[in-house]
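Common to both upcoming complexes is chain A, partnered first by chain B, then by chain C.
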Partner chain A sequence: MSYSQPLYFAVFLPLVALCYQLLPQRHRWKVLLAASYIFFYATSRQLILYLLFSTVSVHHLGLWLGTIHTERSAAVKAADRAERKTIKAEYQKQLRRVVVLGILLHLGILLVVKYSMFFAENLNALFHITHLPFTLPEHRFALPLGISFYTMQAVSYLVDVYRGTVQPDRNLPRLALWMAFFPQIMEGPICRYSDTADQLWACQSINYHNLTFGCQRFAWGMMKKIVVADQLNWPVKEIFKNYGDYNGAVIFFGMIAYTVQLYMDFSGSLDMVIGAGEIFGVKLPENFRQPFFSKTVSEFWTRWHITLGTWFKDYIFYPVSLSGGMKTLTSNARKKLGNHYGPMLASGVALLAVWSANGLWHGSAWNYICFGLYHFVLIFSGTLFEPTFKAICDKLHINRQSKPWHAWQIVRTVALVNIGELIFRAHGMAAALRMLKKMFTDFDPGVFARGEYLVEVSGKSLIVCLVTVLIVLGHSILRERGLSLREIVAAKPLPVRWLCYYLLILFIVMFGAYAGEYAPIDPIYAGF
Partner chain B sequence: MEALYEILEELQPEVDFHTATNLIDGHLLPSLSIISLIAELEDEFDITIPAVEIVPANFNSADAIWALVQRLQEED
Partner chain C sequence: MKKANLSSLIRVAAFLLVLALLLSGLSWLYRPRDNTKEGGMDYIMAHGYLGQSADGIDAFFVGSSEFYSGISPMLIWEESGITSYDYAIGAQRAYSADAMVEKLLRTHHPRLVVLDGYVALKRGDPDEAVFSMASRLFSILENHENWKRFDWEMLAAPVEYTHREINRGFRPDNRNTSITYAGFMREDDSRARFPLMNRLYLEHIRAVCQREDIPLLFIALPSPENWDYAHHNALQDYADKAGIELLDLNLMVDELDIDPETDFRDEGDHLNSDGAEKVSHYLAHYLAQQYGLQDHRGDPAYDDWAEDWAQYPE
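This part shows the complex of A and B:
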């Protein structure tokens, strides 16, 4: 059951909302929790045991950390000033042991379930090449729904309790609801405990504003998902699978189409997620902020899958770059290499850890790892050579604050992102390199004029996609200028307002890829 | 406070740190600059800044950074 299927938006979601609203406030959490577990069970059956184990263990470990914090406070209070430092250090060690245990436990489950097959295959290949007499069992585990998402949430909760920025939750159902809330478990956003746990538990009544705004956001996401993303699914699949049969110009089209598909699929699904949350009065964190207006690849990743980026920044980048050894390295390097290049070593190591993890998080295949490393190289070299770029621009009298320069930066970033997405989607790294080579060595746009390609895709479908992309682009421009289309429409007189809503629904009904030859297409990020 | 302004202006000369209040939220101080800034602050003010303190609220303005420095100095 995915978010764009009628079973979800026309049956499940309204039924949950109705039961929720009918019950007194103190019982509503039961509806949300039951709905979340039913949703999970409907998709993953007995694999729900993974979620149950993670929830119970996170709850227990959180309480354990909380007990150590309390004991530490009492011990520090009772001790004299001279002893306090030693006592703090001793308790810190205990806290660290528990949090490491928790992280290893949860990441260990994720590693075994998601990556053991990949590591076993690659190690066996290595043993074979080096004639070592070992063979690891290659077993593919079934993946529970959203394991990559709820594991990240579990780890963030444990680290936050360890750091003392979040109090451990004694209430198991509240923690369970925060981990499993059905609108977000499939594709995120990756929520922090402090973001949503209390909001979910508050169980506000559904009011007119939340209901209408939630439904609008949901419909907007549906439009992106089923009018554009699902419609582009077939040509993208075909071009990436049989790229050898196509001209470089068609592969170029496939690359752009995939980037559009991925954005519309993921951001559309997140609109549906956030819209569903809004109905229940829960403000989930935004995951996209007009990423295609970014001037650098680094900025792109602060606007695309925002909650994953901030997770990596808070739990990998800063802890690695500010660890004891790295700080010493930075201090020493700064003295010899100066302020710009000095911190680069520590930052480089931390950035490499982030992007290796980012690549692997998306899947257990080499092209995902290369996708991560590609971004590492782009972001690190961009920062490393910034003074050189600046000097060149100054010498060429290029005004880096001018509009044409910004436009060029946006075009350059979009091009680099598209190449990254091609690596991400290709059937292996070899295929990605061959596709890129074809784009540069065998590029003939005339194939489109001669009608030599994709005769199965109707021109009408492509025009509908293009029109929808332009609508989304217009909306993004408004957002970039700080304007909200929903607020503008909401301020209009009732007939105009409802005309807009009906037009949106009519547009989805008329042009959505949900009937006839189209099979329901699972959201792309649900597979990660 | 003047020492802090000097550090910040050396790191990002294009930013007006006397008025900016969105250094992190407005992406004026990227992550890599924060690493440099933290190393400078620790050297200059003899403090240790743990990862848990690297939150936008502590780095969005020169005043917020100064408050963080003073708090960590008191805690030490």
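This part shows the complex of A and C:
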């Protein structure tokens, strides 16, 4: 059951909202929790045991950490001044052991379920090449829904309790609801416990504003998903699968189409997620902030899949870069390489860890790892060569604050991101490299004018996609200026408001890629 | 507070009512104008019956690819003069069978409706079932792609079904995959699962046909890939309770002389043209004897059948 399917938005979500609203406030959490587990079970059946295990273990590990914190506070308070440092250090070791246990447990499950096949295949290939007499079993595990997302939430909760920024939750149902909340289990956003647990538990009454705004956001997301993303699915699939048959210009079109498809699919799905949360009065964190207005790749990743980026920043980048070993490295490197290049060594190591994890998080294949490393190289080299670049621009009297320069930066960033997405989507690294090569060596845009592009694509459908992309672009410009289209429309007289809403709904009904020759397409990020 | 809630409810209800009207309007505007692709119709072969007179088809075979692969209405015509039609689409499920029976009864008056035994027991997709229900209320959901096909002229055109399928919905396939099926209908007491959703839809079909005084018949075509005795038992139980005849041709493969080496096209899933010929010859006599369906050969009102038979590929 995915968010854009009628069973979800026309039956499941309204039924849940109705049951939720009809019950007294103190019982509403039961509706949300039951609905979340039903949603999970409907997709993953007996794999729900993974979620249950994660939830219960995180709960108990959190309580354990809380107990150690409490004991430490008491022990420190009771101790002499001279002993306090030693006591703190001792309890810190205990805390670290428990949190490491929790992280290893949950990441271990994720590693085995999602990556064991990949590692086994590659190790076996290595053993074969090196003539070593070993063969690892290659077993593909069925993946439970949202395992990459709820595992990250679980780890973030444990680390936050370890750090003392969050109190362990004694209330198992509240923690379970936070872990499994049905609108976000499939594709995120990756929520922090402190952001949404209390909101979920508060179970505010559904009011008119939340209902209408939530539905509007939901419809907006559905438009992006089924009018654009699902419409582009067929040509993208065909071009990436059979790139050998296509001219470089067609492959270029495929690359752009995939980036558009991915953005519309993911951001559209998240609009539906956030809209559903809004109906229940839960403000889920935003995951996109007009990413294609970014001036650098680094900035892009603060605007795209924001909750994943901040998770990596808070739980990998900072712990690695601020660790004792890295601090020593930075200190020594500063002496030899100066204040700009010195710290870059440690941040480079941390960045490499982040981007390796980012690539792997998306999937167990070499092109995902290469995708991560590609962005690492872009971001790291951007920072590394910044002084050189600045010097060149100064010498050439280029005003880096000017609008033309910003425009160039945006175009450059979009181009680099598109190449990354081609690597991401391709059927392996070899295919990605061949596709890139063809774009440069066999590029003939004349194929479109001559009708020789081979891919069966309806011109009318592409025009609808383009119109929708322009509408979304217009909306993004408004957002970039801090304006909200929903608020603007909400301030209009009723006939104007309703006209806008009806246009949106009928636009989806008329131009969506559903029924007939279209097969339902799962959200792309639900596969990660 | 209560007044505010009531006012909100009224606004939501009014919004939804206007939306329903708009969807109904669009449904009417984009309804197919002809039973052709240019006319905005999908499943052209299945909807060929619309090009025939309301009383011109005695029996409808409402089913899946099993039916359109395994029953040739033109061979039935040739053998017995009975007129029939394969109103069948691939991967049909109980909810679409229900919709299709309702649809055909809006324009035609058959003397018999035959349902596909495979479809009766095949588990459907709840999401598709919801969509099917919504499409019956607002056909724009099914026909929305007509915006690509229709120009202003078409939007103003009346509905006129002009296309007639020579094969009457049958899709002959000469491919052959040799199989063995020794013992696939070995008698036992087990029962296949009969999805509750399917029962509900079959009950609705039964009620609709009863209202029109049209008898129902289940046919299970030979399909070793999909059928066994457990399926037979499950459907027979239901058929007995519902008072519907079940003709399970899987039990009659020897009598029909179905040859596993030559009569299936895909590992025992569907019959091929040879298998369909044998089944159709049998059904021609069965329908005449059991349901008293008339021989229309020589009747000028059925000249189109004679014309199309002349063009029917051998």
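Just so we're on the same page, the second predicted complex is superposed on the first by the 526 of 528 C-alpha atoms of A that agree within 3 Å, B and C clash if a C-alpha of one lies under 4 Å from a C-alpha of the other, contacts with A are read in each partner's own complex, and residues count from 1 in each chain.
Definition applied: a contact is a pair of C-beta atoms (placed from the backbone, for glycine too) under 8 Å apart; a residue touches a chain by one contact, two chains touch by 3 or more.
The structure displayed is predicted, hence computed values, not measured ones.
Steric overlap between chain B and chain C is absent once the structures are superposed on chain A; the two fit side by side. Once the two complexes are overlaid on the shared chain, A:Ser4 sits clear of chain B and of chain C alike.
In the superposition on chain A, A:Asn367 contacts neither chain B nor chain C.
Seen from the CA centre of chain A, the centres of chain B and chain C span an angle of about 170°, rounded to a multiple of 10.
Once the two complexes are laid over each other on the shared chain, residue contacts for A:Asn287 go to neither chain B nor chain C.
In the superposition on chain A, A:Ser36 contacts neither chain B nor chain C. Once chain A of one complex is fitted onto chain A of the other, the partner contacts of A:Ser321 are limited to chain B, with no touch recorded for chain C. Put simply, the nearest alpha carbons of chain B and chain C end up 38 Å apart when the two models share chain A. For chain C in complex with chain A, the residues that touch the partner chain are 4, 8, 11-12, 15, 18-19, 22-23, 26, 42, 126-127, 130-131, 134-135, 140-142, 144-145, 147-148. Residues 1, 5-8, 10-11, 207-208, 211, 458, 460-461, 498, 501-502, 505-506, 509-512, 515-517, 520 of chain A are the ones touching chain C in the complex. Those residues of chain A that touch chain B in the shared complex are 163-165, 298-299, 302, 313-314, 317-319, 321-322, 327, 330-331, 334, 339-340, 342-344, 346-347, 350-351, 383.
Touching chain A in their complex are the following residues of chain B: 10-11, 27, 30-32, 35-36, 38-40, 42-43, 49-52, 54.
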